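Shared between the two complexes below is chain A, which pairs with chain B and chain C, respectively.
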Partner chain A sequence: MARANLLERLHTIQDTYGYIPENEINKLSDQFDLPRSKVYGTIKFYSMFYTEPTGKYMVRVCDSLSCHLNDSEGLVTAVKNYLGIADGETTEDKKFTLEVVECLGHCGEGPVMMVNDQIYTYLNENRAIQILKDCM
Partner chain B sequence: MLNFLKKDPILAIEDYDFTAFKQVLNTPAENIISDIKTADLKGRGGAGFPAGVKWELARKEKSAEKYVVCNADEGEPGTFKDRYLLENSPWQVLEGILISAYVIGAEKGYIYIRGEYVKPIKIFNKIIEKAEKKGLLGENILGSEFDFELELIRGAGAYICGDETSLLNSIEGQRPRSRIKPPYPIQSGLYGKPTLVNNVETLAAAVEIINQGVETYTALGTAESNGTKLISLSGEVNEPGVYEIEFGSLTIREIVEQLGKGIRNNGQLKFVVPGGVSTSILPQEKLDIPYSYEDIKAAGSNTGSGAMIVVSEENDLIDLMLNVAEFFMSETCGTCFPCREGIRQVCYLLENAKERGYLTQRDFELITDLSQTTYLAARCGLGQSSLNFVTSVLEHYRDELLQGGGQ
Partner chain C sequence: MATALIDGQQVDFESGETILEAAEKVQIKIPTLCHAEDLSIYGGCRICVVEIEGERLLKPACATKISEGMKIKTHSPKVREVRRNIFELIVASHDISCRLNCLTCSRNQSCELREIAADIGANQTRFDPIDKGYDDDRSSVSIVREPNKCITCGRCIRKCEEVQGVGIFTMANRGPATVLTTFGDKGMGNVECTNCGQCIHACPTGALHEVYHYDRVWDMLKDEDKFVVVQTAPAVRVALAELFESKPGTIVTGQMVAGLKRLGFDRVFDTNFAADLTIMEEGTELIGRIEDGGPFPMFTSCSPGWIKYIEHFYPEYLENLSSCKSPQQMFGAVAKSYYAQQHGIDKEDMVVVSVMPCTAKKFESGRGEMDQDVDFVLTTRELGRMVKEAGIDLVNLAEEDYDPMMGESTGAGSIFGSSGGVMEAALRTAYELITEEELEELDFEPVRGAEGIKEAEVEIKGMTVKTAVASGLSNVGQLLEKIKNGEEYHFVEMMACPGGCIGGGGQPIPTNQETVEERMKAIYEIDAGKKKRKSHQNKEVQQLYEDYLGAPNSHLAHELLHTNYIKREI
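Up next, the complex of A and B:
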């Protein structure tokens, strides 16, 4: 049972800071009596945990097969061009981080995009950019 | 149209009466297990293992502690039916969890919901809270001797966690790699204790079997596929969505045409992925088969999670193969060398082929070899099934791919 709750603790830290800062990793390492490398090893396995600060808005665009068949690639390109960043990058003003991700479970409503906790479905390029503009 | 699983949403506990669970509390557990076995309910998470057999094995395990886990990690591209159930029938899902726990003698359970499912997580947190207040979770549930506690675990973005052994590692706070089987979770699962893992839809269907009666349920379907199944229909159809069908009542082509209302923009149907991107494709000419476990298997594929992805003639096949291979490349846990490197090499070959516009004979040979090696040497289902899509496209569209474009 030693490591139970580690996952939930990571979520809480991620929810609080938007990422998992090094000093929190040190604390976890003490509390769970785990080498820091093991804590890192667990964090790194999950794509929704970050060890560096991300943008205020985390933009996730799905490009898995069902969305791909609904031109998610066009959506990805439009969002990249609009934000001026590539997959995995953060805008200079630290507002947006873009990630091209795997299936978000809304495959019948593609293409889809998540901005923080909000899911947007049946997108086209104009609507996606409008959504990003509304974040500004 | 049947609606055992696809129903109007019920979110207020007052509107849900737990009939099946109440009946279970007054019936010997052996009888319930026997009903689920007779109904031949197959696991709806993808592997299709008979739920009744698993419940029986779990019940027979002698241990002071046992666990049940509801697998709501739904991450296979094309699959969204568990989300449908979590959002619309969360009480029925809870009821299924309660029944499975009661029957095997577990006092603690988990529901593991993928982190991206923000709304289902919110809903289920409320469900647990309300159920605790109403005496449906906790001690002496509904005045019985049955104590049961349920905890929600949020995933954090890793497809591999859907594999039941990785899921257990994830709950334990370990690195969520798969575990070597045996031992199976039934014998040694969470913290080494007997653990029953079931998919969301399996549990909801178990409730339905008890409510409808085994006879009614088994009267539906085909020889080897009883009852109904939720299908997540997506891709290039006019009306994608979650549909419930009686096994055997429609052919795959009819599902595309009658439920999906045909291909968008009057396009031509090319192939269907019958069970999510980990399953082999069925080309257009093989689609006149009834939707059932046995017929899809005989046609060379698998019902998987019931994620049916419809693909038209308007695509570059190499691009689609690359898309699916890249999914597995980014989701492999990296433990087995052939899975990690094999998929990577396939992606590399496909990238070059995509640029070139066609596959060479050499690409064919290499990809086929890499697939076989990965299939044979992979430790878990992810690696074993990772190249089904790619190899089945190769097999069916060989000439087209060699000639170029895949158009």
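Up next, the complex of A and C:
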């Protein structure tokens, strides 16, 4: 199979399982005739592919310049405290994974948070917590 | 033929040539780091940048094609300054610290960073080294990886994938967090690594080296209760001298034996003896298969890198492998039974050390099937280290002979170290055993030489025996695919390393096409100089059968000299 299709397949697997399991890497390695190290390297190059299971809800809080000026730091702390996890971790009930990220593309509307594919703008701490509560 | 100017020198070139290649033709050396002749072009390190008139940016000489009328400056002030800056940045990513760990690095004599520093006149290192804090990968019993010394040039990745067709390495992450790793960060010992050690030859730094056994061998030599015997592989005697500033291909068999005796080994024996023994067993096995009609092809089983490769990638062919242990393991088994009994030595007190051109032999000696026949495996490099540490001027020693009972060898045993050698040795013996006639032409030219895949047909008693030889695992893989697609052979020799054991992962650095070819010439020179050139003429091997084993493939021979293999997952 053409190498160019690899990324698309990785997206499909990521969307299906929430991460890319080892046996799927082995299958891709066979199908694309690539060493499995190569498939693994490709996954690790992109920060939005995961080799470990992530939570049902992927929470990404932006902390790049313009959000930072609008106190994203406070937002990050509030979310961390509420979920009880640090950047990059997943809650014990496997519901939430938190990532502090660079720029979600809404610099004029900060601070900004994304939950799975949904973007939330002009946030404050209370609204952010409410959004997370609504996910429960 | 087009022309261009490099540093004012007119150079003729063919279309498709790179600036680096063209510059070499007019005696201009452009420093390189991520580039290696046997690998694909990467263009990652930028040490080879040059100035091209009319171009705004400097271009990497390794990855830029030269074209008609180009005016190139390879060492202009601008180039020299940029090169030094790049070098400083590379060095900052490498574990150099005030603990002066260069002194204790595996590559203290052969570090390419030091070579480049000299080539470019580096005179300062302004950046503090980055403490990357990675753990060493010690998961493999053959090879250690020290990621803190890695400069992510990717040469090991390409070597493993392109030359060996395996591909256990990858880069992970991006930017400054880029790190070289294996699948799932599992470590080299937990993936489909064959332990061949070719990555060590590819590495410009000390980020990859063998798992050392020499310190434990020193302990054994010190221990008066231990009877320590050593065996030396065929490929070591034609390469060891390179560690003592001699030309590649210098033969130091007798000096090496003398050196090993001075180190304090109780007996110095020859793996070539065991190679002759292997031919008796493997030749008999081949004749048996010819009589029984298969299974064909029969594969040789001397190269432990090849064995692990087939166990991982082609387990459906495991029954085609010769059941013979490798010469290293046959030696160990015979030393700890036959020799120990004849001399009243308790097996438990005997320590068998091997000197091998190979890192995979370390893995092989620890295989469960091998019953601890060999206790420690030194690479050629490790032996060089011990000899230096003992202050022995090896190349100038008076030559000495191997000890009797397991020290005699024929020319056939000697050529095991070269790709095609096992095949040639086996054919010499099989021919005479089958036809009961004397073989007149002993040199099987078609299976000699440095090509990756060689084929030959031999007429034996009206039967055409089809043979093939492959060295370098990507060639091995190609030959296996050919066999899968229906190509028929009777006997196939497979070696993991390009050129065979002389190009092994434990050999002196550099090991490249040039040094391998010189070592190969020396191997055949040893063979040509021997009075006996057929394994079945080896008197000590005959004695072993007479006094102990009975006949080739006897019950006891099977117990001691044969083994079985494992299907491994990928």
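Here is the rule we go by: the second predicted complex is superposed on the first by the 134 of 136 C-alpha atoms of A that agree within 3 Å, B and C clash if a C-alpha of one lies under 4 Å from a C-alpha of the other, contacts with A are read in each partner's own complex, and residues count from 1 in each chain.
Please note the rule applied: a contact is a pair of C-beta atoms (placed from the backbone, for glycine too) under 8 Å apart; a residue touches a chain by one contact, two chains touch by 3 or more.
None of these values were measured; they are calculated from a predicted model.
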For A:G88, using the defined touch cut-off, is the partner it touches chain B, chain C, both, or neither? Pick first, second, both or neither. neither
Could you look at A:Y40 and tell me whether it touches chain B, chain C, both or neither (first, second, both, neither)? second
Per the overlay, which chain contacts more chain A residues, chain B or chain C? B
What is the contact status of A:P53 with respect to chain B (first) and chain C (second): first, second, both, or neither? neither
On the A-aligned overlay, A:I25 touches which partner chain: chain B = first, chain C = second, or both, or neither? second
Interface residues of chain A shared between complexes with chain B and chain C: 38, 41, 45
Considering the complex alone, what residue numbers of chain A touch chain C? 22, 25-26, 29, 34-38, 40-41, 44-45, 51
Residues on chain C engaged by chain A in the complex (per definition of touch): 161, 166-174, 181-184, 191, 570
Looking at the complex, which residues from chain A come into contact with chain B? 1-8, 10-11, 14, 32, 38, 41-42, 45-49, 60, 63-66, 68-70, 101-110, 114, 117-119
Mind pulling up the chain B residues that touch chain A in the complex? 74-80, 83, 114-119, 153-159, 170-176, 191, 232-236, 240-242, 273, 277, 307, 309, 311, 315, 320, 323-324, 327, 330-331, 333
